[in-house]
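Dropping a structure here in structure tokens format, bear with me for questions.
Chain IDs A, B, C and D follow the sequence of writing; residue 1 opens each chain.
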Amino acid sequence: MMLGSLDVVSLLLAIPGAAALALAALPGYRLTSRINVAASGLTFLCATWLLFERPAPGLYLFVDDLNVVFVVLSTFIGFTTSAFSASYIEHEIGTGKLTPAYVRFYHAIYQALMLAMNLALLANNIGLMWVAVEVATLTTVVMVGIYRTPEALEAAWKYFILGSVGIALALFGTILVYMSAEPVLGEGYDAMVWTSLMQQAAAFSPRLLNVAFVFLMLGYGTKVGLAPMHAWLPDAHAEGPTPISAVLSGLLLNVALYAVLRFKMLLAANAAAISPGPLMVALGLASLIFAGFMLYRRDDIKRLFAYSSIEHMGIITFAFGMGGPLANFAGLLHMTMHSLTKSAIFFAVGHIAQVKGTQKIAGITGLSESHPVIGWGLVAGVMAIAGLPPLGIFMSEFLVVSSTFARQPLLAVPLVLGLLVAFGALLMRAIEMAFGEPTGRAEKIEASVVPLFAHLSLVLLAGLYLPPHLVTWFQNVARLLG
Amino acid sequence: MPLTIALWSAAALLGVGGLAVALNGRIEATRIVYGLCFCLCLILFMTAVVPRGAVALTMVLPLGLPWVEAHFQLDVLSAFFLAIVNLGGAASSFYAIGYGAHEKHPSRVLPFFPAFIAGMNLVVLADDAFGFLVAWEFMSLSSWTLVLAHHEDAENRRAAFIYLIMASFGTLALLMAYGLLAGPGGDYSFAAIRAAGHEPWKLGLVLALALLGAGSKAGLAPLHIWLPLAHPAAPSHVSALMSGVMTKVAVYGFVRIVFDLLGTPAFWWGIAPMTLGAATAALGILFATIQSDLKKLFAYSTIENIGVVFIALGLALAFKANGMALPAALAFTAALFHAFNHSLFKSVLFFGAGAVQTATGERDIERLGGLIHVMPRTAFVLLGASVAISALPPFNGFVSEWLIFQAILLSPSLPQWSLKLIVPAVGATLALSAALTAGCFVRAYGVAFLGRPRSKEAAAARESDPWSLSAMATLLTLCLVTGVLPSFMIDTISPSARLFVGGRMPAQEEIPWLTIVPIAESRSSYNGLLVCLFIAMSAILAARLIHVFASGSTRRGPPWDCGCPDPSPITQYTGSSFAQPVRRALGNIVFVARERLDMPAPGDTRAARLGIEIRDRVVEGLYAPISRATDFCADQLNKAHFLTIQGYLGLVFGALVMLLLMVAIWQ
Amino acid sequence: MAVILDIAAQGAQMGLVLTLSPLLVGFIRKVKARLLRRRGPPILQPYRDLLRLLRKETVLAENASWLFRSAPYLIFATTWVAAALVPTFATHLLFSWSGDLIAITALLGGARFFLALAGMDVGTSFGGIGSSRETMFASLAEPAMIMIVFTVSLIAGSTQLSEIAASTLSHYQLRVSFGLALIGLAIVAIAENGRIPVDNPATHLELTMVHEAMVLEYSGRHLAMIELAAALKLLLYLSMIACIFAPWGIAPAGAGPRAFLYGALAYPAKLAIGGFLLAFFEVSTAKMRVFRVPDFLGAALMLGLLGTLLLFVSRSL
Amino acid sequence: MERLYFDVAHLLAGSLVLTSFVLLYQDRLSGLINVFTIHAVVLSFSVGWQAYAQHASHLYVTAGIALVFKALIIPLSLQNMIERMRIHREIEVVGGIGVTMLVGIALVALSLAVMLPATAAADPLAREDIAFALAVVLLGLLMMVTRRNAVSQVIGFMSLENGLILAATGAKGMPLVVEISVAFSVLIAFIVIGIFLFRIRERFDTVDVQELDRVRGEPR
């Protein structure tokens, strides 16, 4: 493949790939987890390099403002999560939940997952992107099933079936897009390359594009976790290892969302096609309200936050569906903040679940009494995810709601109600978990809380001050998204 | 310059919060933190009261929303409320230097107390919608953690839950209001909002949203239910801040939006605040009258006072809409004046409740009594505060309510019929609640402080520490001073009145004898100083003369009590028996009060008992259905969590088929 | 010179109310006795009682606090100041503008506040009964009073009693709301002074008494102060009614000594008429149950509200 | 000549749809697998024909992949798997064959209604293909929805992917990437499923999906 000109980009793929092979070969979890961290860190560095030097687009890979946002974000969270997973895995081996062989496997798959996601984000070819997303799905399926408990298997099986159906639908949509492009761009690669697609989009057959978007929205929407295609998400989050839950919520959902956005841009570029906005808005609102109510009946901490991921994906999809520079900016910001916050929450949840030995909320009350640091960390995380200032999500929710109310007042009402419903449930659970009489075991938490508070402080900073570069960059992207 | 200092001090307050975390567990942390808070609040108070002329100071910092940035301003209105906030903040910090020593886990209070004060300051200083809302919600959040300070009590946890839900409901309402005002362009600075023109329907919607948002924070009925739960749950110095100051910040928010940002009102704008305020006042005081928990009682009386303030604000709107500048200024001044007064005496009352609680460990007045003997100083200060809040001369509470009555007396000249019919009813409600207030506080003070102790804790109580006492005494002195010299307050408020309702009351400093004259000498006038002097002089004179010329001799004896005194303190009149007449006469207006008398049959030896059940119509009629509906939806939707894989596939399949059908039909 | 005269007039007013109030009580008692075909005590009896009480030593309950001891003087002082603000024989006295009708109502409210507290201080059940009932009556009587004040001052365009009297004199016309206000004020006056049918100053029957129950523990000079305050209050209400509804003969602003003389002659006459009417009403009605009193006062409140509404509406006609 | 191309392609695609119906109808597991074999063979034929018609040699590869993997390896292994699980005689209850059939017919109608107007621009060959492909996809999905046995769900999924391949080959000159990826993913998918089925066998002695639902993490 012609990667000659794209050295940094190829590094972004080569490092995880090589690391995956190496980790598959190497024994000993201490070393491997260190390598894991190192590889993820390197990947992150390469990603940051993209901010400064932007290679020219190739036939397979390309870099533009939009996917740089996603790449940097996902590599960063991949890095912090790998740091978290190091201490987490150590504990898992200590308690014998994982055998060293499985840990070796785990690390290899972790890097493979990183590779797949980077590929999906950098792909300039809709077919290649599809392949990457599918690989990402399969790797995460394996990850979810890694504990081999009946519950884990059931979750992984469900994830696999639903995920591959979604993927299949996405492929059909991709084929349709090709068919609509083929008369204009001629047979062959050109009709599958983003850069050329975007240029010629106006000339494509709009009707075919409409049908294609239905499939793509449902297909990739399954991976985003939008209701009613969300079913795989809670169990997959709950039964897999917690670092994987963090990766799922923080990264994989974004990758799928990225695909949706790309195709939305394609449709937006074609005047005759139906505007994708209403469909996204509807699915977003549905997910938000549905997940908001589902939060009330959750008694498992990881499922709770999994549903909150559905809720926030709904908000983000809603924002992008609304469109316009303000809402798009809000959507991007919200996505970034949500990834940071949610992965932070899952770090905290991982420690808590390990200390308390259960994921049941009833078994982990009074945290601020028994484990002040992690308890208040969790409270801060929940307050952040619930959209309270001065944390970052408040800013994005402020923009989403106010811009919606300024443009479509009637749409803002269900939005606000959904936010309020979800807030109520989260608050109830947070008070229940963090306050009151402590239950369960109370020994110290030896794992490091650095990743947790690193994320939280970033979120806090963003809530107070956004660096101008970031803002102009996001604004460009928002304009790009139309 | 003052604005810079104010912002730095607010930042410093946040820093103190961090310091408190660092000092966690140290024994002297309490004194250090509260001492620092006291100094910073004093500085902020100075920046508020230092004369700067009518021109507003503004400042822009590169924070918050990037393309809006964080605007701050210090105009006359902000300055006035800044003074309220920091007066209360300084007093409660000073009080807490002594009171805080009794705190069980200070690590749950110290970090958040300065943050709370900082939040309130920033709300008052903010000059753009985003900054305002951030500060607003931050204020709620920090006070929420303080409400959770004693989290081991399930009641407090529930209170905290309801509190934050209502708070963020209010924030969302305000958020939508600002979204509507700023428009899709998204320029959220107040200056831009003022500059932009708005359609009438938009303004009406914004008014409603502002009532929802600010009202839910201020405790306006029917959004008040969180207040009597949350305010008592916090430590007393925090309760004082929440009740005395935070509600005023909410009033500020309402004034800022409705009087400043919305421009010229329509006549019907005044109706909603007026009627809601009247309802709130009556409801609040009636509930206060039947409470037996001292802090709950004070919280309900806060609701009543907020109602009074909103009545005055509604009047001001109505006058302003009809271009009657002078009456508008009168009503506006009365509202702000009453807000200030309430912040003073309500803080004292909550301080007193805290002192009583530390001395006896009791908040239930049915288990108190006779405290006037064991803690005379506290008793004296609280007596003063009760007189002040009961709107009796010569204290300040009377002056502001007197001004409101004067404003009502000017309202017949309003042209609209709806107002003509509403205002008198509102006035009657106001008078009723004012009278009930006196009764309510006679009951509270009489049962808690007078008579004989009803429990051994009450008998063993000790006088509270000098810090707390001096804090209370200072505020009470302020109450008296503003009561006898109201003209200074009126002249202080006049500039903001001129700014926001386009008129001002006659300058009071020119009137001789320090009299206040709302409109004209011939209409009405009041001289607190003379009244106070006359009362004092004639009382002292009478006492002196009698002791000199008649007998001054005194003998102590057993109580007379119609010849059959009963030594056991249980025979005293209890709080609930005291409230019985009001409960019977007025109770069923807002709450369902049922008395269940269980009288044993003749010959049966078991004791007769009288049970009282109070049911809140608002909670039952408004909030219970909402929570039921939420539960119902949650239950119904929750079934979707337990489908089989085919079920989920079926969902996807259904969605796909439906969309394809839509596409097929659409094409 | 003028200032000295003004101060003298004001002083005279204060002295006058103080001296006349026991006489009024005595007069009413006498009239009531006569109407009941009894001879009754001499008119000056209240003075004798007061003097005797003043000379007696005071017996305090063991657990009476400083509030209990200072309350009588405060009650007396506030009532006296309030009474001094009501024009009796002349309007526009030196300090008449230092408080208006609302202020007078509030001053009386203050007196009641301390009286109710004093009733609860010793911690007997009777004191509690008295305070609780007094509070309930007040919580209806005060708003009624305020509404009456609204009515009156909307007609007169002022809340200052002097101005009201002047306007009533200058253009006197019969108005519905004026009449409503008069009836309402009469009801309020009866309730506030604890006269029949609301309360019976002559009995110590547990179930009925209100005011007497509060002052049950008082004796000696304290009791004297309270009795005097009660008498002052009665006088105050009568002279208020006289000043608002029948201000004839009252000396206007800056009037000469002749006018003052007329005023000084007219005022006792008005008091006598008022006292007689009160006595007549008292002997012709019976005490009502405590829980019917709210309806009685509610009627006053409604009258006041009605009067105000009428005025609000009629303003635009 | 064009005419012939068209008719044969049409015939093959149509028979693929028909086989999907048979799949829907078939309720014995072993029978199901056999029918799926036919399904795969028909697919490979139609792909081959497309390759011939479009003169696109790389499509032969796809046809070969389809033939080898889907028509040989997968059915065989599935067969012996169910033999080992002793469920090859199992007859699974499918709610109302008739109803399912009707729904299937409605789906075919829907796919035609959606596709034919949408692809008015494309040449008729592609149009027919894509329409039938969509029908196959929907029928596969329908099968997954109606069956509760893991194996038959997998088969339904694979028939769905056959439909995808049909669509992919129908799209003129679509690069090789896609076919490879599809085959690749199917392979992986199959492996993973195999792993799962064995694990499931270890633990529950059944492949009934509703068994799985009994052990889900959050009991109702």
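Basically, a contact is a pair of C-beta atoms (placed from the backbone, for glycine too) under 8 Å apart; a residue touches a chain by one contact, two chains touch by 3 or more.
Since the structure is predicted, the reported quantities are computational estimates derived from the model, not experimental observations.
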Does B-C or A-D have more contacting C-beta pairs?
B-C
Relative to chain A, largest Cα-centroid distance belongs to chain C
Between chain C and chain D, what is the gap in Å from one C-alpha centre to the other?
100
Averaged over CA atoms, how far is the centre of chain A from the centre of chain C? Could you give it in whole Å?
78
Centre to centre, by mean C-alpha position, how many angstrom separate chain B and chain C?
35
Suppose each chain is reduced to the average of its Cα coordinates; what separation in Å results between chain A and chain D?
31
On chain B, where are the residues touching two or more other chains?
641, 645, 649, 652, 656, 660, 663, 667
For chain C, give me the residues that contact two or more of the other chains.
none
Residues in chain A with touches to at least two other chains are numbered 157-158, 161, 165, 169, 207, 210-211
Considering every pair of chains, which are in touch?
A-B, A-D, B-C, B-D
Residue numbers on chain B that touch chain C, as the complex places them:
369-370, 372-373, 376, 379, 383, 387, 390-393, 398, 402, 405-406, 408-409, 411-413, 415, 417, 420-421, 423-425, 427-428, 431-432, 434-436, 438-439, 442-443, 445-447, 450-452, 513, 515, 521-527, 530-531, 534-536, 538-540, 542-543, 546, 550-551, 553-562, 565-566, 569, 571-573, 577-582, 584-586
Quick check: in the complex, which residue numbers of chain B touch chain D?
641-642, 644-646, 649-650, 652-653, 656-657, 660-661, 663-664, 667
Where on chain D is chain A touching in the complex?
114-115, 117-122, 126, 130, 133-134, 137, 141, 144, 150, 153, 157, 160-161, 164, 167-168, 171-175, 177-178, 181-182, 184-185, 188-189, 192-193, 196, 199-200, 203-204, 209, 212-213, 215-218
Considering only the defined contacts, which chain C positions touch chain B in the complex?
54-63, 65-67, 73-74, 76-78, 80-81, 84, 95, 97-100, 102-103, 106-107, 109-110, 112-113, 116-117, 119-129, 131-133, 135-136, 138-143, 146-147, 150, 153-154, 157-160, 163, 204, 206, 216-217, 219-221, 224-225, 290-291, 294, 301, 304-305, 308-309, 311-313, 315-316
Which of the residues in chain B end up touching chain A in this complex?
62-67, 129-130, 133-135, 137-138, 141, 148, 151-152, 154, 157, 160-161, 164-165, 168-169, 172, 175-176, 178-180, 182-184, 186, 188, 630-631, 633-635, 637-638, 640-641, 643, 645, 648-649, 651-652, 654-656, 659-660, 663, 666-667
